[in-house]
Amino acid sequence: MITETDPFKGLGLVGVDALEFGGCDVRKGSLCETAHHLARETRAIDVHILEEIEDDLTLLEQDIQTGTARNCGEAIERLADCPVRCDVSIREEILEIRENLHRFREEKELTEVVVVNLASTEPPLDLQYCHGDPVAFEACLDKNDLSAVRASTLYAYAAIQEGCPYINFTPSNAALFPAMIKLAEKNNVPVMGNDGKTGETLVKSALAPMFTCRNLDVLSWEGFNILGNMDGQVLDDPKNKESKIRTKDHLLGKILGYSPHSRVRIDYVPSLDDQKTAWDFIHFKGFLGAKMSLQFIWQGYDSLLAAPLILDLVRLAELAKRRGDAGLMPHLASFFKAPLGVDEHALFEQYQMLLGYASQATGDRRRLQRVV
Amino acid sequence: MITETDPFKGLGLVGVDALEFGGCDVRKGSLCETAHHLARETRAIDVHILEEIEDDLTLLEQDIQTGTARNCGEAIERLADCPVRCDVSIREEILEIRENLHRFREEKELTEVVVVNLASTEPPLDLQYCHGDPVAFEACLDKNDLSAVRASTLYAYAAIQEGCPYINFTPSNAALFPAMIKLAEKNNVPVMGNDGKTGETLVKSALAPMFTCRNLDVLSWEGFNILGNMDGQVLDDPKNKESKIRTKDHLLGKILGYSPHSRVRIDYVPSLDDQKTAWDFIHFKGFLGAKMSLQFIWQGYDSLLAAPLILDLVRLAELAKRRGDAGLMPHLASFFKAPLGVDEHALFEQYQMLLGYASQATGDRRRLQRVV
Amino acid sequence: MITETDPFKGLGLVGVDALEFGGCDVRKGSLCETAHHLARETRAIDVHILEEIEDDLTLLEQDIQTGTARNCGEAIERLADCPVRCDVSIREEILEIRENLHRFREEKELTEVVVVNLASTEPPLDLQYCHGDPVAFEACLDKNDLSAVRASTLYAYAAIQEGCPYINFTPSNAALFPAMIKLAEKNNVPVMGNDGKTGETLVKSALAPMFTCRNLDVLSWEGFNILGNMDGQVLDDPKNKESKIRTKDHLLGKILGYSPHSRVRIDYVPSLDDQKTAWDFIHFKGFLGAKMSLQFIWQGYDSLLAAPLILDLVRLAELAKRRGDAGLMPHLASFFKAPLGVDEHALFEQYQMLLGYASQATGDRRRLQRVV
Amino acid sequence: MITETDPFKGLGLVGVDALEFGGCDVRKGSLCETAHHLARETRAIDVHILEEIEDDLTLLEQDIQTGTARNCGEAIERLADCPVRCDVSIREEILEIRENLHRFREEKELTEVVVVNLASTEPPLDLQYCHGDPVAFEACLDKNDLSAVRASTLYAYAAIQEGCPYINFTPSNAALFPAMIKLAEKNNVPVMGNDGKTGETLVKSALAPMFTCRNLDVLSWEGFNILGNMDGQVLDDPKNKESKIRTKDHLLGKILGYSPHSRVRIDYVPSLDDQKTAWDFIHFKGFLGAKMSLQFIWQGYDSLLAAPLILDLVRLAELAKRRGDAGLMPHLASFFKAPLGVDEHALFEQYQMLLGYASQATGDRRRLQRVV
């Protein structure tokens, strides 16, 4: 976790052991089984760690509610163990989610609840006028307009209405569209997204600035990702994949200032399970037109790369809420492939933004403590 | 060239077409032959470009003097076409170099001469008291103490005495030791080194900060370089290789704040000629102790990566002299594997230092022009 | 060329300098220009070699006739400089090709003409009853049934009718379907295909048997190919790509005896031009279920890998004709991704078949010479 | 295990569950601890498998005797938990080993004992006259000439004298020198070595023939191996590494018929533990002198690649003994980096030799059974 490093020590972040976990899932399977499957197939997790936390995981399962896959596309519906409900309106479904959030807060006696979207990638939502205008969006909900929402919309809306900071760790664009961000601003709720930057794109955002620093002309940047977990299975559907590739692909142009030939492929290879492997081939031109290349191969466990980022984001979102931040949190840009409201995509610059925020927040806190 | 990009447009740098080239070499072979060999073996240079500049290259050869390999170790002496001279003292040899520099300036009617060390890597010089104290060092020269100098020492000293900015593009530590830097400060001569950051180390300095930004624990960073040009041939000698590996290896600890297991190998593979190929294997530990890896393969033409950096450095050194800078030029850190007087090794931060300098120098110039 | 190695010395193969070249092309551009483009963009060919043969290339252009792209799909038609002719029947077009072949033989005073299909990959032809039965196929030609042929069909048929050995170096399945092979057998014409094995598949067919030799269980074999020449451009069309992927993909099952998860991607990356680059990721399971991996990266110039194979094939096809071979030439399996009539896909075994043939043919020749 | 595949089904090999294990070790640590360390550090072994066999492993420890590191060099002596004994002569030490072998056979009621050398790689032994002549070698033992033996010599000699088939799975050349092989022939004992072909060299012996099959000229073949287990630690000593590199490096010349530039590096990287990673860069020249490359990256668990080979070798050595084979077993060439008495290094050809042997032995057995 980056929040465990020195620059974040003086921030008064909530302790990791003070966190309580709960959630919604459209699949039934037990957490323990999933964790054991992961440990067995990829051996990414030490079995002994797993055995130690088995009881906690089992306990936690009681706080996992049946989720909704409303309008999420066939790939996700195929995975879901519960049929999409047709008997309730959007408003009713939102209400249920809000009640769940409220109950969770009461039962666990929590000062704050942070909602993080970790669901499978939905197909892109075609954004219309209502997604830019809060009033128009409310009207859509009123008339139960299913074409305007996906499951992620319902969760994001419910969270913001309940005053819960909301993080979109997925590329799904149905969660934090402009009207939703305006709602968050109005409700004084901090939100941020999209799409956690865990692997190949992380390396991309670290490496691409190098070519600028040397005025080397990137001709082509081709990325091939293979993975075999449920994320990979859902992305095997072209509609869902499109969301993902959009967030992975656009940052090159932003960093370089021009758009080289670029393609990002994500293929499902079951035997790899959670062990994402990516090969990137970068072709570039130097002095006197000489063509040269840089390739990288990334081999990482997707879930284990994501997990600490999520803990970091939860702690920083809780802090932001406490500090009275509302709407987007641009200082969290380094955590996302497509950071909302931020044009800076170079990793190191984004990290400086985070350090700057941490330094200011630490200063504010010290001043406050001194006053007290 | 980075100096041809926007941030450097308003600096009033000397035009590339205003540059005149000359030099010293311990080998005889013609420039044209070498260039054609390079074009034929690696095909890095378009033969048509070569044919266009052939006349210029031939003309240029007249300005290449016989160099000295004084105390440079056997690997370099084997390459030299002229025997190391024993009949002249160090002081006499320095005088000859100064006369060459002076004559070159006069004949070409130049306002400034910049000296760049592009010679083969010398074995490391064992630095003693005299290398820290200018007076003691002068005494060494007086008593012709050969153990205190290598060829690069003579050139650096001659350049600084002639008021010529001096750049050490090699890892040889016999050029810019503390006493030499003090001499440069005293003489108002800007100097900088060591070791141009052209390939594998460039990538290293762009990638290593990524692990810090994510609090990922680097366990091992192993680098294997293969190349086949004369640089590779000289580095095949363990004594000369030691200089190189020192500058390539130390920056990881500086960037990460701790020293992972790390080894840098450089092997001579004749068939590759100038096409340096490097494989780096980076082993790191993430959440719950999961081990993951990042590998990269760099394939670049060493000479063509170095050439634009050298033009950049020459232009920026000439500017520094004009602006009255004396001693080390820390703003040039991004060009070097082991930037003298600079602790920052992260590429992007070093680049910000350069941009900051460019921005200030542009401002100064505008103010000056307004005054005029 | 493999035919220049020792085992082929005693075969009495036609000398390379005795070969005359001619052909058909649907594009107009000059050979010299194409060759210079290749030399300039990929620098795969030494410009000096090119300059030496420039006159020959220009002369050769006179023997390049306008080709046909009949029924070859849009991707190829877009490239063609001449519109597909609608004014002539299939039979008439075949007749023209036969006349061209005949004239070429007469004019150059050749004892044998070998036809090699090097055209862009066509979309797969849906094989019907007529493609298995020579009589039915002739009936198709009679009634000018366009759905039964593509350009490659016309050339193959014309060649075989003219008694010219025919080689299908492409994956297009419209050339050597069963009825065509029967025709070749009847006419005493040796033929062979499909799809020259130049790069990634070559490595595949050398490496896959290793897993069998060690009883290691291949879980997944994922191949990503990027290239930027006209071949790549045509393969960017999904219909044409399908032909290619069929021949590249099926051999794993044949070699291993089971079908691991496998996918072959071919993407068009213009900056690479002829420099095909392929990354293959092979995931396998060993003792106690441990998952391990082998990756390879192939970087080769496609045209320069194909050229010597084509010369080899021409020489060996001419020999086969002289020896009275008719129909398929299974001893040429090692040259093809999908060797017709051969189930053996392991490279080394295929090579043994070629050596066996060479050894027998050499023996036959010696006996004959002794008799004479 | 290859002996579990079809071609070996009819051979009447000893069942794996009929095997009893014992051994000698110079280190004390428990087998269970070592196995758990391996499982924890590399996660190559499923912890549940380990837990199942824990009792067996503990039982097995009783059959592990204190070994000897006589004359094995400092790197091994540093690892040994018992000092090298100076109080006994070579003859006495051999006698003890023979007694151990005898006792093991009696206690376990075994029909055959096969001895496999799996010890750390010793520095190369300088072979002298006595290593070629059995009589001279006996004389060396008589006069306790320590310069003529290393630990592996003692074990090999003891095994052969006890009539036990002997396999040298290491590169140590002190085990099976000519005089030892002659002794094996005389005693009707089958023996074979050297150096199990588990990883990088396995790939090499599968790939190198490809270049021959295509008449592509290999210019350079550079191999970089990194690993972190005890094998890697011992190989970190230049003297021990020399043995290893000898067996890894020589096969290229044998397969290709010429010796390209080649270097094999093995570096110790503790964090990798048993997960050997190798990068090989192969530079080759094709048509018109075009330079191309093939790289491969091998990532395998060394112990898990070796284990099934050892079981295979034990079963095949027992069979050989039963069939009356004496001296070298050339049909086992595919298992070794430097197969004794065999000039064939191409993997696939070696595998054919094994299949040929299996087929003949199966035939012999059927004939015998029919007679009975």
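Letters A, B, C and D mark the chains as written, and numbering starts fresh at 1 in each.
Definition applied: contacts are C-beta pairs under 8 Å (C-beta built on N, C-alpha and C of every residue); 3 or more make two chains touch, one makes a residue touch a chain.
Everything numeric here is computed off the predicted structure, so don't read it as measured data.
Enquirer: Could you run down the chains that neighbour subunit A and subunit D together?
Expert: In this structure, the chains that contact subunit D and also subunit A are B, C.
Enquirer: Could you quickly compare A-C and B-C and let me know which has more C-beta contacts?
Expert: Between the two chain pairs, A-C has more contacting C-beta pairs.
Enquirer: What whole-number Å value describes the gap between the mean CA coordinates of subunit A and subunit B?
Expert: 44
Enquirer: Roughly how far is subunit A from subunit C, going centre to centre by Cα mean, in whole Å?
Expert: Computed value for the inter-centroid distance: 48 Å.
Enquirer: Would you mind pulling out the distance in Å between where the CA atoms of subunit B average out and where those of subunit C do?
Expert: Averaging C-alpha atoms per chain gives centres 50 Å apart.
Enquirer: Residue numbers in subunit C touching 2 or more other chains?
Expert: In subunit C, residues 44, 46, 295, 297 touch at least two other chains, as defined above.
Enquirer: Sort out for me which residues of subunit C touch subunit B in the complex.
Expert: 40, 43-44, 46-48, 297
Enquirer: Quick check on the complex: what are the subunit B residues that touch subunit D?
Expert: 219-220, 222, 224, 226, 261, 263, 265, 267, 269-272, 277, 279, 281, 283, 285, 291, 295, 297
Enquirer: Which of the residues in subunit C come into contact with subunit D in the complex?
Expert: Its residues touching subunit D are 1-2, 4-5, 44-46, 49, 202-203, 206-207, 209-210, 212-215, 286-290, 292-301, 304-305, 307-308, 334, 346-349, 351.
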